[in-house]
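Following this line, the structures themselves.
Look at the two complexes coming up: subunit A is in both, with subunit B in one and subunit C in the other.
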Partner chain A sequence: MNPSSINILAACVLALFGVAIYGLLVTRNLIKIMIVLQILVKAAVLGLVVAGKMNGQINLSQSIAVTVIVADTVVVIVGLALAIQARQVIGTLDADALSKFRED
Partner chain B sequence: MSNNPFLWLIAIPLISTPVIYLIGRVFGPGEESSKPCPSQYITLAALLATWIPYILSVSEVLANGSIEYSSQSIAFRIDGLSLLLAGLVLALATLVALFSGAYLAGEKEQEKYYALLVALVGIIAGLGMTNDLFNLWVWFEAMSISTYFLVAFYRKQPRSLEAGIKYLVQSAIGSAMILLAIGLVLASTGSLNLDLIRQVSTKSPMLLIAGALFILGFGVKSALVPMHTWLPDAHSVAPSGISAMLSGVIIEAGLIAMLRALSALSLMASEWGIILMAFGAANMLFGNLMALSQTQVKRLLAFSSLSQMGYVFIGLGLGIYANVINGVRGGLFHILTHGMMKGLAFLAAGSLLYALHIAAGDHMPLTKSDICGAARRYPLPALALSVAVLGLGCIPPLAGFWSKWQIFLAGFETQQVWIIALIVFAGLNSLLSFGYYAPLVIAVYRREPSELVQNGHPLSFGIQAPLLLLSVAIIVIGLWPNLFTWLTKPAAAGLMTAFGG
Partner chain C sequence: MLFALLSASAIFSAIQAIRSKRLIEAAIYLAGVSTMVALIFYLLGAHEVAVIELSVGAGLVTVLFVFAISLAGDEPISFLPNFPKPLAFIFALIPVTIIGLQLFSLTGVSMPFIESSFNEILWQERGPDVLVQVVLIFCGVLGMLGILSTTDVSTKKKSGLPIANPPNSAKSIDHIEAKENQ
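Moving on, here comes the complex of A and B:
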């Protein structure tokens, strides 16, 4: 792989990261927040694969990527389960409505 | 596996996790929730069995120094720091399992609680032992996932759902930061083994960014001040046993994971030391100021965890920055004593919460006015709460005094003016903390009993025994502060070597 395509991939990592951070700042819907978290982790996974490719350790980084995807899926499943509970108990998926229950 | 006892230290809890869940599911009380849950007894048996490999590992490490073990890309190194973390989590989990029997009676789905509690022990033991950056992330993520469920255990309560979702989102962002940092380290050093990274790492901007991302990512879990907002909610709404685990072990485990990751980038050790001290000062002041204005007891204790972690950051930070081993020893000793004192404080507050609210079937928080005069009806919980908060407030014959004293002495050892100023600031913060610790003691002993206390539910032996054990331990360590030197000394020495000291 030539250096310019590494640069393009690194730019993709940064772009995905930026999209995710922007999404976290503007999203209020719990389901969408989980989607944004997925985008954030996918940026990191792509970063790991690119890093492995730069050092000729693509096997290592691909196996890491698969592990990360598994672990992260579990996180999102837990998050979605909590979102469903919130919908049932409170009746809304809006993060702002949820934070009214915070005690100060 | 016979000559590697530490593998059993991880394996016994992780193997017994599904067993505990299934047995609780099949033979548990189910809908008629007044019967005791068999999961509790298996949990206690599994945790007691885990003490055997722990003791064997301790004797092996003390005799031969650290143990190395690797199989393909899984690398373990068991040193003093691993043993310190494993011992703390094992001791607290055993007491919490004992405490939770009566506390959770009447709740549904107790088997999940016990299964995840035991899983946490194996996961945190593994987290302390790993010698590979990616394995560290996997253990760390596993620890986070098991605590998400535990924080949102009362899943019909809006408050615990709010705390659980907030905790999940913030932790997930933190762990993505750690992954990005791992990518940067892999790109610039071509390795993930902590020892190999340490050999080839240079002082490059890329690794500096990686270190900053490690601090941000692990900092979410160890509650560095701008990233702490999940902590007061999660600690106050979780079942009290889990509050004790979160405050006594989980945030410390996050810190130890951060130190492990940063120690691989040891050429920049002095930078990391300064950053840790800066966060320490912020944590102490912010935690104290927020705790002063709290009316709920568990929320107050959660904010005091922020300020107590500040002392740990300062001790470790000045030790790493100025190469003073006593600072690291003090910081690690404070991790131990804080785990015990804050664990006791949450368990004592939890026992009062149970007696005054949960046994009556409501999920109201425990406020300062609820516990007025609690000593009349609940002498042991009141005494335990007082011992815990006075220890946290640094009263001399209790454990918390000696660990802070060691950190303060190490600060003077550096003979640098600004570090001494920081230590004076820490001492003043200790005084400030009495502004919220003392009212708790006064409330339980000097006030007339509130109506809730007079009508409170009696407490069983299972709830009170852990309080008694931890109170005695805190007083004993206060009288013989050298009791844990055998553990903190090799741990500090190992950490200093890792940071190139």
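Moving on, here comes the complex of A and C:
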């Protein structure tokens, strides 16, 4: 694998990471936050696999990536369950409404 | 060239997922990101992770999002962000610059030993990881129960019964069931 491909993939990891950080800062919808979190974790998993390819340890990086994907899926399930419960109790998916609800 | 095309598609889908006003569009663009990342994995030689990413990331997670959006309602997103967008852009740029400077200064290091196969690493060398995955999947099942428990109440709401308390509380469900029995 030539170095230019590795550089392209490293740039892709950085871009996905940056887009996800920006999205986390500007998003207030609870379900949208979970979507943005997914993009962030995909950047991390892609970075893991690219690093494994660089070091010649692609199988080790695959093993860790599988664990990250499973953990990420569980995070999404629990986060969506919380979002739906919040929607039914508060009536909105706004993350700021949760803190106001606690003050009330 | 192929890597550049796939990377550009993944980044475009990620940007569209954040920019889109409707949640269902964002979920579909997220599936697009997953598909592009899975294709990159396959081209890198990580075939097992590519299959898992495609089936879990683009399949299961998208179905979960569509199900959750249909339960919570796909209302257009009209919340104003807490952060001004230029400030958020600057805050996002800082960690990207720091990681990028470290990442591009790295060079590939070839390891002296022969690497084991994927199955040996996953089931023997990293056995505790598999145990953690089992615990996480159990937590995921409990989380799914959290999602599915709301559908029971919503069907009861559709039947016209009044719900005075918050709809997801156990007390209100008991109240509805007592009324139904009468």
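Just so it is clear, the second predicted complex is superposed on the first by the 101 of 104 C-alpha atoms of A that agree within 3 Å, B and C clash if a C-alpha of one lies under 4 Å from a C-alpha of the other, contacts with A are read in each partner's own complex, and residues count from 1 in each chain.
What we mean here is this: a residue touches a chain if its C-beta (ideal position, glycine included) is under 8 Å from a C-beta of that chain, and two chains touch if they have at least 3 such contacts.
Owing to the predicted nature of the structure, the values given are computational and were not obtained by experimental measurement.
S.K.: For A:N59, select first, second, both or neither according to whether it touches subunit B, subunit C, the two together, or no partner.
M.R.: In the superposition, A:N59 touches subunit C alone.
S.K.: Which chain makes contact with more of the residues of subunit A, subunit B or else subunit C?
M.R.: Tallying touched residues of subunit A, the top partner is C.
S.K.: So in the superposed three-chain picture, is A:V45 touching just subunit B, just subunit C, both, or none of them (first/second/both/neither)?
M.R.: A:V45: touches subunit B and subunit C.
S.K.: Quick one: is A:L25 in contact with subunit B, with subunit C, with both, or with neither? Answer first, second, both or neither.
M.R.: Second partner only, subunit C.
S.K.: Which of the two partners, first being subunit B and second being subunit C, lies in contact with A:I69: first, second, both, or neither?
M.R.: A:I69 contacts subunit C only, not subunit B.
S.K.: Contact-wise, after the overlay, does A:F101 reach subunit B, subunit C, both or neither (first, second, both, neither)?
M.R.: first
S.K.: Report for A:S5: first if it touches subunit B alone, second if subunit C alone, otherwise both or neither.
M.R.: second
S.K.: Determine where on subunit A the residues touched by subunit B overlap those touched by subunit C, and list them.
M.R.: Correct list for subunit A: 13, 17, 20, 45, 50, 52, 54-55, 57, 60-61, 63-64, 67, 71, 74, 78, 82-83, 85, 89.
S.K.: Contact residues on subunit B for subunit A in the complex?
M.R.: Residue positions touching the partner: 73, 134, 138, 141-142, 144-145, 148-149, 152, 155-159, 161-166, 168-169, 172-173, 175-176, 179-180, 182-184, 186-187, 190, 192, 233, 236, 296, 299, 365.
S.K.: What residues of subunit C sit close enough to touch subunit A in their complex?
M.R.: 3-4, 7, 10-11, 14-15, 17-18, 23, 26-27, 30, 33-34, 37, 40-41, 44-46, 48-49, 52-53, 56-57, 60-61, 64-65, 68-69, 71-73, 75, 77, 79-83, 85, 88-89, 91-93, 95-96, 99-100, 103-104, 106, 108-111, 115-118, 121-122, 125-126, 129, 132-133, 136-137, 139-140, 143-144, 146-147, 150, 153, 166-168
S.K.: Of all residues in subunit A, which touch subunit B in the complex?
M.R.: 13, 17, 20, 24, 30, 33, 37, 40-41, 43-45, 47-48, 50-52, 54-55, 57, 60-61, 63-64, 67-68, 71-72, 74-75, 78-79, 82-83, 85-86, 89-90, 95, 98-99, 101-103
S.K.: So in the complex, which bits of subunit A are touching subunit C?
M.R.: 1, 5-23, 25-29, 31-32, 34-36, 38-39, 42, 45-46, 49-50, 52-67, 69-71, 73-74, 76-78, 80-85, 87-89, 93-94, 96
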